[in-house]
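Each chain carries a letter (A, B, C and D) given by its place in the written order, and its residues are counted from 1.
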């Protein structure tokens, strides 16, 4: 069981709808159960540096079945995963904006968002994640 | 002058419409004038290996303002760019499926497609490129 | 709207002029609106390690439309972007010396400087950035 | 004995002067005796993909004290260096446009040019190399 492109588009569309509220254009990416990119969009004016980060937040969230902000809490100095961002050829992101997507308790993909503050990215990712449940 | 996300979606949509004709699901990517990704979609069932290739075909077509199949002709053994695929940190693709997109004679981005034979990829990329002109 | 090579030379020249004051030879780089290098100079005696850093400070400043020192403040342990330097294939620099360049409120490129202390790099980058406004 | 930034600027300036004749804007790079970049310029409209290639043509020419086109002849299928472009982390370029620069029979740096056909790149690199002798 994995996400389809149609699912990814619904998720991205819901995330984009949230952007008008947070007021910062975003990069939004969705990966499947294999951690592989299904779709990415960079809204006009969104950070160039967020292309890589949005895709890899989604990868990270699926790779460890955890929200990237929670992985981040565990990856601070003296915490149990400190240094993890150097693994996986630089694909691990340890700050807010990546959320695993589940169906019937199983992780079937993830969303990653990059373009603003940690709070903004997280809010947009949550809007996308919420749409994946319907 | 560069492509917008709205432009990219029109281009991708036209490319997707062509896929039903060629009969092979595709990865489709569009980059802007700076060679940076605007949007990528992987159709259900399309190659995982085509994620990177579609994005980098689009990058290559913009990086050298040339169709990737034409760059490929020039990059065969004993031709003038032989070995070019080792440059740019492995981002150069030298087979069919990447096409620069122009407006008023200026390159404003590119499309890259990966998922089938060279002919299939090229046909889908051309359908996308054609849509960018309207 | 992006920087031209002529713009980049004016910016680099102004940065070089500042070096005699700070007393440390520098690497100076300017990128365009797409984050792509327009020009780099390494002054005689400047750090070899600063070639990559100056180019990537400029990239970083454009990639996130932020001064690298401010990104650095946000990327310390327990801050919102902690770990960001592992992203973008190692191209993100999170200490002083990279400044986005704007025209009419739009980011059109960036300057990156590397060769001395954070304060020295920042002073030279500022001198270059100031010249971009005229 | 190595090239200075002043030398590099004379070399680049001579190369740029040649561009008006060959009719294709270029990326031009000069490295020192250590193979490390002294200066790079991308002329307005020159290929984005040529940034990496010009810098690495110069690196290659110094790394093996040979013109890149001659290294290319030796790197075709069934020749003695076939496959060499996969070495040195992708920094080896095996087509025309990179020339070592010598003084009193010693290699003191190199020039690399990228932006047009092999012949065009070579002509511009030669113009730069010639200026390094005076």
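Assume contacts are C-beta pairs under 8 Å (C-beta built on N, C-alpha and C of every residue); 3 or more make two chains touch, one makes a residue touch a chain.
This is a predicted model, so every value here is computed, not measured.
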{"item": "For chain A placed onto chain C, the superposition rotation in degrees, Cα atoms, nearest 5", "value": "90"}
{"item": "Chain whose mean Cα position lies farthest from chain D", "value": "A"}
{"item": "Gap in Å, rounded to a whole number, between the CA centres of chain D and chain B", "value": "29"}
{"item": "Between chain A and chain B, centroid-to-centroid distance (C-alpha), Å", "value": "25"}
{"item": "Geometric centre distance via CA averages, chain D-chain A, whole Å", "value": "42"}
{"item": "Multi-chain contact sites of chain C, meaning residues that touch two or more partners", "value": "34-36, 89"}
{"item": "Pairwise chain contacts, counting only pairs that touch as defined", "value": "A-B, A-C, B-C, B-D, C-D"}
{"item": "Chain C-touching residues of chain D, taken from the complex the two chains share", "value": "4-6, 8, 34, 36-44, 48, 51"}
{"item": "Residues of chain B that touch chain C when the two form their complex", "value": "32-36, 89"}
{"item": "Touching residues (chain side chain B, partner chain D) in the complex", "value": "34-35, 60, 62-65, 77-78, 80-84, 86-90, 92"}
{"item": "Residue numbers on chain D that touch chain B, as the complex places them", "value": "47-50, 52-53, 56, 72, 75-77, 85-86, 90, 92-96, 117-119"}
